[in-house]
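Written below as structure tokens is the structure these notes are about.
A, B and C are the chain letters, set down in written order, and residue numbers restart from 1 in every chain.
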Amino acid sequence: MPGTLVTLDLVGIFVFAMSGALVGVRKDVDVFGVMVLAGTTGLGGGFLRDVLIGATPPAALADWRYLLVPAAAGLLTFVYHPVVGRLERMVNVFDAFGLSLFCVTGATKALEYGLGPVPAALMGMLTGIGGGMLRDLLAGRVPVIFRGELYATPALAGAAIAVVGTRQDLPVLAVAFAGASVCLVWRLLAMWRGWQAPMPTGPASV
Amino acid sequence: MPGTLVTLDLVGIFVFAMSGALVGVRKDVDVFGVMVLAGTTGLGGGFLRDVLIGATPPAALADWRYLLVPAAAGLLTFVYHPVVGRLERMVNVFDAFGLSLFCVTGATKALEYGLGPVPAALMGMLTGIGGGMLRDLLAGRVPVIFRGELYATPALAGAAIAVVGTRQDLPVLAVAFAGASVCLVWRLLAMWRGWQAPMPTGPASV
Amino acid sequence: MPGTLVTLDLVGIFVFAMSGALVGVRKDVDVFGVMVLAGTTGLGGGFLRDVLIGATPPAALADWRYLLVPAAAGLLTFVYHPVVGRLERMVNVFDAFGLSLFCVTGATKALEYGLGPVPAALMGMLTGIGGGMLRDLLAGRVPVIFRGELYATPALAGAAIAVVGTRQDLPVLAVAFAGASVCLVWRLLAMWRGWQAPMPTGPASV
């Protein structure tokens, strides 16, 4: 992976880990639980993808930076949570950056491991949303993607663009930029405009 | 896998996915969450089995039909949920068909990957009950197998029969039919007669 | 693995499985759900580790004793739960033994599979705490490690000692004994003195 992508990847993990740690602090979890939530949120999506595509042990377990970053994010959030909490809107923006990047890198990696285009796009989406899902499961919350926010659809779109571009042999960074941009803009617009995914209509099912 | 088994497998996935989607609709989850619940419920048991026996990437990620079927089931249920909801009793019957089939195909696959008879039977059971467990975890419900319904025991019985028959080199379809029939009849009788698994007795443990 | 370690491993699984079964009995789960909770709690940590490091199928699926022990623990707890419940304090002590052993064996196995020292220590910790986390997820409880008890930190310490000792080529049993002792003493002291991990301080984050 080019150095630029690694840096962006680590930034995404850092922000995801902060969002996990913040959930932990608000649930009055001790410092260790905060670290576990930070690590799970930052690395969980990639772990799920790597286990499913058979890329074990996951890359994050072979590179100390991938372990140091969520640990630092967890510890910083634990200590400075009043500041982080006030900046949550900004954390959410960074979270959108992380989502955009993960869906692209996840889809690219799945292609490298021989998956077809549709499963690769799904693995990209899973890389983006998996950490947040695990975080919410562990913290006993309804997973974010089930709360009517447009979160997974932008990730799937970004992953699909990355898949199509990669199979056309377009330059790696251009493809990554295109996929991540679509996901990012869509997600940010959804946050700022309050866009929602369609909800069930008609009489309630009992 | 013979064509007949693939067709039955897809029918099972379709019905499992419908049950997952219905849970999502009732929790007022948006269309995307409904699709995720449909996919997880339809494919989750097989994913858990494949990850545990080392058969990665899971077969469903290499065959577009296995991704199309739960997507279609999720979308149909999202749109026509009042109809699906009224037919839930019928969905439960189909769910029993899916359980019966998955426990057999899961056990057979585990044997092919070199597992011994007891672990293979457990993997068959896991294939049958795993999707529903993941669905309930994601939806924040008590997993179905913990609610006193006879659900996992018939699956274990069907898987055990499939294991014994396969190791005796009996014909594949005959073994599958025998295992699935026992699971199906047991599960349907349990539903219709309200059979329950034994509950803890004696003074409550504090 | 030397015979002594296998025996200790099985004892740890037995006690973990009892704690899982006891949670099931108290939630009024039927006999089958109790068995599933027993198996998940006893074997889940090792399964998570093996799936992540690529050691599939997990060792427990290739050795009938590893399946018999949690089944026996689940059944015994189901039948004699009033007795087991009264002995819970003792179960907690044995649970500390299991934790101490699993963190050491888990770290050692991760090293054997080529992981670096830090990831190997994390895998050791995961082996120790994973079963209880899965148990609490399935039972709809807040995971034990998030409840302010010192549980994961001693496991991480024991795993770290095992990693350092193994890399210094010290004798296997001596290393295992040192790592497990530190974890055990720390955990027992935390239980008896009511030690808690640090909690978030400062104004509540909203």
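Convention: contacts are C-beta pairs under 8 Å (C-beta built on N, C-alpha and C of every residue); 3 or more make two chains touch, one makes a residue touch a chain.
Worth saying up front: this structure is predicted, and the values here are computed from it rather than measured.
Chain-to-chain contact here is organised exhaustively, every possible pair of chains being in touch. Look at the contact of subunit B with subunit C and you find different residues on each copy: under half of the numbers used there are shared.
Centre-to-centre spacing of subunit B and subunit C amounts to 29 Å, using the average Cα coordinate of each chain. Residues of subunit C in contact with two or more other chains: 51, 54, 137.
For subunit B in complex with subunit C, the touching residues are 51-54, 113-116, 118-119, 122-123, 133, 137, 140, 142-143, 145-146, 148, 150-153, 196-200, 202-206. Interface residues of subunit C, counted against subunit B in their complex, comprise 22, 24-34, 36-37, 47, 51, 54, 56-58, 61-62, 64, 67, 78, 81-82, 84-85, 137-140.
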